[in-house]
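Each of the two complexes below includes chain A, the first together with chain B, the second together with chain C.
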Partner chain A sequence: MIARAPRNLSALLVLGIPLLWIVVFMLLPYGIIVTYSFWLKSYPTFKPAFQFGNYLTLLTDVQYLQVLGRTLKISILVSILSLGLAYPFAWWLVFRCRSQALRTWAYMAVIAPLWVSYLLRAYIWKTILGTEGILNSFLMSTGLISEPSSLFLYNQFAMVVTLTYIFIPFMVMPIYTALERIPLNLAEASADLGMGPVQTFLKVTLPLSTPGIAAGFTLTFCLSFGDFIAPFLVGGPDGNLIASVIQTQFGAALNWPLGSALSIVMLIIVLAIVSLSDRLEATAHTGAA
Partner chain B sequence: MAAIIELQRISKHYSKTIIGVDDVSLDVEDGEFVTLLGPSGCGKSTLLRMIGGFEAPTHGMIRLAGQDVTHVPPYRRDVNMVFQDYALFPHMTVGENIAYGLKIQGRSRAQARDMAVDALALVGLPDKIDQKPAQLSGGQRQRVALARAIVRRPKVLLLDEPLSALDARLRDQMRIEMKHLHEKVGITFIMVTHDQEEALTMSDRVVVMEKGRVAQDGRPQDLYDQPASPYVANFIGTTNFVAGSLTGRSPAGTRIASAAGDFTATADLALPQGAEVTLGFRPEKVRLLAEGETAANVVPGRIAEVIYYGLGLRTTVELAGGTQVHVDCLLPDSLARSAVPQPGAPVRLGIEPHNVFVFAGRVAA
Partner chain C sequence: MSHKPSSSFVADTALTTFVCLLMAFLYVPIWVLIAFSFSSSRSLTWPIPGFTLDWYRKLFANADLLTAVGNSFYVATFASLLALAVGIPAAMALHRFNFWGKTLFRRLILLPITLPGIVTGISMLNMFRLFGFNPSLETVIIGHATALIGVVVTQVFARLQRLPKSLEEASSDLGAPPLHTFLHITLPNIRSAVFGAGLLSFVLSFDEIPVTFFLTGRDNTLPMYIYSTMRRGVTPEINAVGTLIVLASLILIIVSVLLSRDRSPR
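Right, the complex of A and B next:
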């Protein structure tokens, strides 16, 4: 009995501290935001209430729906572009790259930027795409254009490129892991049973890598969906994304209730995507089980 | 019968120093059960994979049913493989796994399913068609892999250590079943194994490999009774070796002198008198002679150790000159145990001349 008490205490500490952490730093803030989302704005402060006006505004005001639509579009484009670049790369690394050293280096080259400050990575594209930037100098040196073009920066294209660059490691990692887990002899077995390389890819490699695709897609989508730096740096006038609007609502516009409602809508969308991809992965797993 | 597989001077050099297979020529008859036998790393899998099309030989030619298939990819070869760890598709059911290679052969879905059912019945697994591989035991997976490979009725079925992942009891059972399966389907089987017992019990012909080359190729019995080299003699069964030299020939056979005594062997080697040779005889082909008993070759010795292993006794006997040899004898009944030889006791070994192998040269150890 005497020996038992400290053990219970340590168990309490071990489980209790993280639990407390979650409550204080995650659930509590969400609770506050949910509460705010029902309040009313009364410039320059807010007053407690329980009404759905903020949500109604979001659903009826074209401006917000537009931002939401644009954010969805950009996030999906980023995810698709990342997938299109990451999958062949990871596939090549896992199945075609003969040299272990080259594989490690190539993989690290893609992952390494994660250790570089996010802001710096976003700035890199500003310098590449800008009027004084590398892309323009290059195109001018080749004679394709005669004067610097401002077409590359401050638009949705620039955002998609920048966000893809920033978040592509999150697509590469899960796909690489999924592909690496596929035993090499499955492709051989498929060939043995008469399937050419393309059919083997479609019937064996691709289905077995869907959990990785789902995970990568979810990660890049959710990260792009919540991003506000890229729109700020390279987005330009029509580049407002939902996260930057939220930032404005909490900042300059001083409309915390509306900002909170927007945050909640965003959270719901992200959670929906995550649970959808979870379900996809689960079916892929029971498929594999 | 015609050769279904012809390997003509096949080599596989992975690099300048790593040679997987070294100048192998081999014909496999249609319907034969051939086993490639050898220790790990001797190139068995490499040879099998070249027949399957997974590796291209660096030299030589492979013919399948008369056609040159040396550089034909696996998906265009009428050959199927049972992989060592089965390589079943984890995301497909057993039925889908088996039907996988049938659609490309132009079978309808219903036809493919019927064939899968038949194939499963053939391997004794009729009720698992809708399960996933992960729900099956190792032995069941092995049967599915077999069914998936034979359902396409290939000209040749390749099996890479098909039983190595199974436990001993199941392995014994599968040996018999696979032999029966071979007889039933009439497809040529080429199996790889490092287990000599497996090779001997299952195959019509055994190809013993050593360092990428063929050491000997023959019926199991011939390999056992007439091994071509000490390597084969010791890889298939066990063999006692005694160093000696050729002293002459008599009507009874070749005369050989050794530190342990003189031997007569039926085997005749085209060697000059005085040539260094190695004698070999199997532990189970030696008798411990009783008082007054005699044999064509009688070798005196002293018992060093006696090990009881249920079925009989393995006795280690030290011969004159210090060579130790094993002698196996079955225990006819429990009474005979009183006659168990004791360590230190002098014995006489009786060996018949036709049971004495003679190899040119001396073997180390």
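Right, the complex of A and C next:
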């Protein structure tokens, strides 16, 4: 009896600290913006109400739908491009790289940029792609172009390149982990049964790595979906993505209720994608077992 | 006979070329950043006209920048300590207990990893304003800790799962109170994961912008200072700060590799 009490007490502490943190610093703040999202703007502040006007504005105003569409487009392009670069690399690491030392180094080399300032990695592309940037001066020195081109910076292309550069490690990590878990003899068995390398890849390797792809896609998508720093630096007028609009509502536009509603929309989209990828991962696991 | 090896040779060569190009994509920009920090010209055009250390000299004379570095150290230290203080119990709860709502608990505590920082920043800003707290470095610390708990939980939880249960059971069978078991059995065994998670949290907090953007008052952290400089344009001065940051990151990466190496023989 005496031994039970402190054990329960410590269990309460172990669970209580994070639970308290979640309630005070996550659920409470989310609850507050949910509440604000139903309120009414009354310049220069806002007043309590319960109406769906803010959500209605987001769903009917072309301006917001365009921003949402552009944000979705950019983040999907970033995720696809990252997948296209990360998958062959991870596959090479696991199945083609024969030296253990080289594998460790190459993997570290791709993950290491995560430790280098995010801001710098966005800024670098501003200096590379700009009209006075390295790419332009290089192309001019080779004579390919005669005057600096403004085609590279301040558009969707620049955003996709920059965000891919920034978030690609998040795609490599889960795919590498998924591929590494595949037993080597599965591919051998498949080859013994007369399947070619392409068939083996499509029927064995690819399905077994879907949890990794799902996890990588979720991370790169959500991170680029919610970014407003890199789009501001390299996106120009196109850089006005959903997060930048939220920022404006809480800054210059002073429309907190609308900004709150947009944040809730973003929260819901992220939650939907996370649970979708969780479900995909769960079915992949039961499928394998 | 000779057809098959040559086609796989072509495929292998293509793949190796691809890997090299990917490395170039990742690292040429960083070398460009470093190269321009030594450029004697103000504009960042190629080729570099001459070599200078002026930009570095300017950095060390820039009082605002040095204050920002100090603020960042303050924020990152306390944010990562707080993230550890909440994240380690959370990982232990997930590892050891079965309780009602466990899935929801896990989802919530890991949510900030995927949740864009702007949502964390905005929602906390609203809460702090509502309860009359002014934005300051301390609110930034709480915001960062909230965003980083998930990182700590994933790292520590993974280590706990590889820890044999028998150790802790033996300790409590021998009559050790739970706190004693935690301090003398659990903690020493997950030490490297705790250091690793703390280090990663420190780096991520040092580098954080979206949450800081909304929660900071008059004080700037280093990334916020650099960001406000960048809005005015690109200068070799930023490249010089950047080069120093790359150098510091490199040192931290080496430290974390050494730490993870220490983990494997156990």
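The rule is simple: the second predicted complex is superposed on the first by the 282 of 289 C-alpha atoms of A that agree within 3 Å, B and C clash if a C-alpha of one lies under 4 Å from a C-alpha of the other, contacts with A are read in each partner's own complex, and residues count from 1 in each chain.
One rule holds in what follows: contacts are C-beta pairs under 8 Å (C-beta built on N, C-alpha and C of every residue); 3 or more make two chains touch, one makes a residue touch a chain.
Nothing here was measured: the structure is a model prediction, and the numbers come from that model.
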Touching A:Ser190 in the superposition: chain B (first), chain C (second), both, neither?
first
State whether A:Ile128 touches chain B only (first), chain C only (second), both chains, or neither.
second
Counting only touches as set out at the top, which of chain B and chain C does A:Leu208 meet: first, second, both, neither?
first
Residues of chain A touched by chain B versus by chain C: which partner has the larger set?
C
Along chain A, where are the residues that touch chain B in the complex?
183, 185-186, 188-196, 199, 203-204, 207-208, 284, 287-289
In the complex, chain B residues that touch chain A:
52-54, 73-75, 79-81, 83, 85, 87-91, 100-101, 104-105, 132, 134-135, 148-149, 152
So, in the complex, the side of chain C touching chain A is made of residues 8, 12, 15-16, 18-19, 22-23, 25-27, 29-30, 32-33, 36, 43-47, 85-87, 89-90, 92-93, 96-97, 99, 105, 107-109, 111-120, 122-127, 130, 142, 146, 149, 177-179, 182, 203, 207, 209-210, 213-214, 223, 226-227, 230, 234, 238-239, 242, 245-246, 249, 252-253, 257
If we count contacts the way the header does, which residues on chain A are in touch with chain C in the complex?
6-7, 10-11, 13-15, 17-19, 21-22, 25-30, 32-33, 36, 85, 88-89, 92, 96, 106, 108-110, 112-113, 115-121, 123-128, 130, 132-134, 136-138, 141, 165, 168, 197, 218-219, 222-223, 225-229, 233, 243, 246-247, 250, 256, 259-260, 263, 266-267, 270-271, 273-274
